[in-house]
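Heads up, the next two complexes both have subunit A, just with different partners, subunit B and then subunit C.
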Partner chain A sequence: MLRNLPSWLYAALIYGFIFLPVGVLVLFSFQDSRVPIPPFNGPSLRWYAEFLGDGRVTDALLNSIIVAFASSAVALVLGFLAAYALARHRVRFSSFWQGLLTAPLTVSYLIIAMGLLITFNALGIPKSLLTIGIGHVVINLPLCFAIVYSQMGAHQANMERAARDLGAGEWQVILLITVPMLWPALFAAFFLSVTFSWDEFIIAFLVSRFDVTLPVEIWSMLRTGLNPKTNAVGSFVFLFSVAIVFLLDLVLFRKKPA
Partner chain B sequence: MTKPAVEFRDIEMRFGDKVALSGVDLTVNRGDFVVLLGPSGGGKTTLLNILGGFLEPTRGEVLIDGKPVTGIPPAKRPTTTVFQDYALFPHMSVAGNVAFGLKMQHVPRAEQDRRVGTALAMVGLDHLGQRRIHELSGGQRQRIALARALAVEPSVLLLDEPLGALDMKLRRQMQNELKAIQKRVGTTFVHVTHDQEEAMAIADLIVVMNDGFIEDKGKPERIYLRPASRFTADFMGESNFIDGKVAGVSGSSVRVETPLGAFDIEGEAAPGAAVTLSLRPEHLRTDGGGDRSLGRASVLESGFFGTHHQCTAKLAAFEVPFKARLPQRETVTPGTEVEFSVDLSDIVLLTR
Partner chain C sequence: MTRTSPRFAPDTVRAWGLLFPALAWTAAFFVLPLVIMAVYSLWKRVGNRLITDVSLQNYENFFAKSFLFESLINSLEVTVLVTLISIILAYPFAYILAEKVPERWQRMALILAILPFWTSYLVRSYSWLLVLSEGGIISNFLLDAGITDEPVSFANDRSATVIGFVHFFVMLLTLTIYANLKQLPKNYRRAAADLGAGPIRTFVYVVFPLTLPGIMVGAFLTFVLCIGDYITPAILGGKRELLLPQTIMLQIERRSDFPTASALAMILMLVVSMVYLACARWLKLDRL
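Then we have the complex of A and B:
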């Protein structure tokens, strides 16, 4: 035990470094006074009550949920169809299309956001939840494509072949064989997309105007100074992400064959 | 007058520059168990895929029940396939798998249930309908794949090396079962394998394929005992080959000059042609009987195979040692000498 002390210390430092800011954020969301700085007095849920009573924050929360689930659903469907096409059909310049589909993963969100902003302006599309959603499809489509494509093996191709042999049409093959067999990958891709969209700030900030998502709302709250209410909202955002990651882990881990 | 179940007419298949099949003509009668046999790369699986609609031939025509099926996708053909890896759907129950084809045909629910029950009973697994696929053993999966393919009552059932993944004992057992099921349902089976014992055990008609051609086709006994080519003789078990030259022809008898002397063999060959005599190891006799002696041979190796002794022995006048199967109770040790003799009717004259 004593011999392991340096490694324990090292681990404590690393984890402290990673989790201390989050820990402080969460701790002071339970602060009973008006400023989120030591000393801690509480715990109290008054700031949670306050943020749930704030119409702007709850609107932003609802917007975030709508954008996250809708954009992830669109990204997943498009990513799946692209993966199915490239994995199951002989496509000319297949590796070029693959590269093109995954390329946005390497571009910074700021650049993507600027590109979108210019495009929406040029096309005269007003900034709204729709434009945020389009932005999130742009960043999540490559992710969905890559995850689904990596899971489409020859084994499933054989089963699709068997289904066709037994009389299934193309859509029946996709809906009755491909999708059910790929569902862990589809599930993972969808919920990873949801968490990315849920946290995303830059794109949501640049292409929104009156309807904003939660990260943008937090940013505008921060401009008026530190406040335990901001901590409460931040803690909630964090909790939501953690919940989804746990859900993913639980479902996918359980699905693993013995 | 019923039409044949399957007709291949002058099939050619090219993959780029590679010719996988060429000039394949084959007629399969309704209710026959046909085995396409050959080494890998021989074209047998390609031919099966053409029949199933997974490949379109570059030339030629396929007819099923007398109707051309060119351009018709697998889903619309009256064929179903038992795949080598079974390709069972892991997210469905056993009954769900067997019902899949019937669902695709919009068979009413009650009728589906009845036919699933019948198909499962046929393979002896009607008690496993609610199981998941991963709970089944290899042999059970094989049976479910068969039941799934037969439930839609296809005109022709295609089997792509279905026993390849099973161990030897289970494999022999499944062969018998496959044959029995085929006789019971009366469906035409086209089965691909590279196992010649399997082919002989189950086939009504064996089609030997090599290098994209049909080498030989016929009943198992004929293919084994009177092979049409050296390739077939060699592929269908072991053989001793004696190269020779036709010295003369009288009636249906051909005189072949060989290093072991002249043999008068029934067959057809042009005078002066180079031919090969083929002799199965079990046809070499050491009991002194037979039409003709080949002389004394010294035993090089001998091994006991349960039903027989397998040995190699060298004749003084012939450079390649002969393979022979000697009776179970006859013990031969390396170094001893045996006298080989043969019945001339057991020797096969091969002209190609």
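Then we have the complex of A and C:
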């Protein structure tokens, strides 16, 4: 044990660095005075009460949830169908289509956001929650496609062929064989997309107008400087995301023997 | 098509039907915007009007106007610095996680290391403001320790941006390097030991070269995500110097100058593509 002491010290230092800002964020969300810096007075829940009573924040929260779930569902369906088509059918230029579908992963969100803004402006499409959702499908579709495609192995293909031989049509095969066999991958892709959409700022910022998502609302709160209310919202977002991750972990991994 | 192939018989029309929605979405909302942006970058904005004469004026301006070109240089400097610091901090950490932590605790240790990053990206940068700003945690600590007499600020300059970035990318690189270390067969090290290499020589000549793919994948992701990020420098970097994404946002938000912004975006994409080509041979993700 002692021989490894430098290792443990180093690991503790890195963990400290990783947790420092989040720890400070959560601690000072319970601050009882107007500034989230030392000395700490409290604990108090007044800033949580304040943000839960702020209609703009709760509206943004609701919008975020709607956009995250709706855009992730669309991204998952489109990504799954494309992955199925490319994995199970002979398609010409299939590696080109694969490259095209995953290409948005390599482009900065800022550039995607700006391209959408210019396109929506040029086509006269008004900025709304719908346009944010469209943007979030663009960033999550490649992710869903890649995750599902990588999980479509020969094992499921044999089951699918057996079902076909027994007379099932293609949609029956997809819904009754492929989807149930792939569901851990589908679940993971969906919730990863939800967390990406939930956290996405720059697209939501540029292609929204009156209805905004939570990160955009947080952005406008940041302009007022350091404020324990921002800490409270941030801590809430943190807990929400951690809850989703634990749910994912529980469903996907705990069933298998370790 | 042979019987043993996992694919079904060719059924072209149906396959295209399944593939079409995803391709159409990507074409309409990803490819088309990029094409429109490329065209815009050749146009010009004069006053409030869009001049649709094709020219390379915006690209010439990029080199001629120092604040545009400097923002790219700033971005490159910050990104390279962040990538290097992150690798140096993450490698020993990943090594400790993979080699020193008992096997059954490793998953828990990794989850713990990722946990803080499930907060919002914006909020994470804001949290660093709480730590670094005047009167913040560090300032307070230095006052209590008697190192300074007045509150000091570490926020609103380049070092704050770098700290905010490094925080995120240490986690990312730890993951890629850890994954790489875990898939090295133990036999390689035994073979090196049998052939007379000590632990240091084994590390330098066997382990380290075999983890280069993990380092390169992580470093590439770091570079790409870092150079294109607007949030971290906007919150932590102050106003004295701008990075390229900030300059792009300035053109969009303040000046509605989409042609210049488009040209800058094209330049950003060009830089990323060049970096990709330079490290392409390392970036076979399936090797991880």
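Quick note on the criterion: the second predicted complex is superposed on the first by the 253 of 258 C-alpha atoms of A that agree within 3 Å, B and C clash if a C-alpha of one lies under 4 Å from a C-alpha of the other, contacts with A are read in each partner's own complex, and residues count from 1 in each chain.
Assume a residue touches a chain if its C-beta (ideal position, glycine included) is under 8 Å from a C-beta of that chain, and two chains touch if they have at least 3 such contacts.
Fair warning: this is a prediction, and the values are worked out from it, not measured in the lab.
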Subunit B versus subunit C as contact partner of A:Arg88, first or second or both or neither: second
Superposed model, subunit A: greater residue contact from subunit B or subunit C: C
Partner chain in contact with A:Leu166 - subunit B first, subunit C second, else both or neither: first
First (subunit B), second (subunit C), both or neither touched by A:Val194: neither
Which superposed partner A:Val138 touches (first subunit B, second subunit C, both, neither): second
Which of subunit B and subunit C A:Asn158 touches, first, second, both or neither: both
Touching partner for A:Pro180 - first (subunit B), second (subunit C), both, neither: first
Partner chain(s) touched by A:Val57 [first = subunit B, second = subunit C, both, neither]: neither
Common ground on subunit A, meaning residues reached by subunit C in one complex and by subunit B in the other: 158, 161, 164
Touching residues (chain side subunit C, partner subunit A) in the complex: 1, 6-8, 10-12, 14-16, 18-19, 21-23, 25-26, 29-34, 36-37, 40, 89, 92-93, 96-97, 100-101, 104, 111-113, 115-116, 118-124, 126-131, 133, 135-137, 140, 167, 170-171, 224-225, 227-231, 235, 245, 248-249, 252, 258, 261-262, 265, 268-269, 272, 276
Subunit B partner contacts - residues on subunit A that touch it in the complex: 155, 158-159, 161-169, 172, 176-177, 180-181, 257
Subunit A-facing residues of subunit B, complex: 52, 54, 73-76, 79-81, 83, 85, 87-91, 100-101, 104-105, 134, 148-149, 152
Residue ranges of subunit A touching subunit C (in the complex, touch as defined): 4, 7-8, 10-11, 14-15, 17-22, 24-25, 28, 35-38, 77-79, 81-82, 84-91, 97, 100-101, 103-104, 106-112, 114-119, 122, 134-135, 137-138, 141, 145, 153-154, 157-158, 160-161, 164, 170, 195, 198-199, 201-202, 206, 214-215, 218-219, 222, 226, 230-231, 233-235, 237-238, 241-242, 244-245, 249, 258
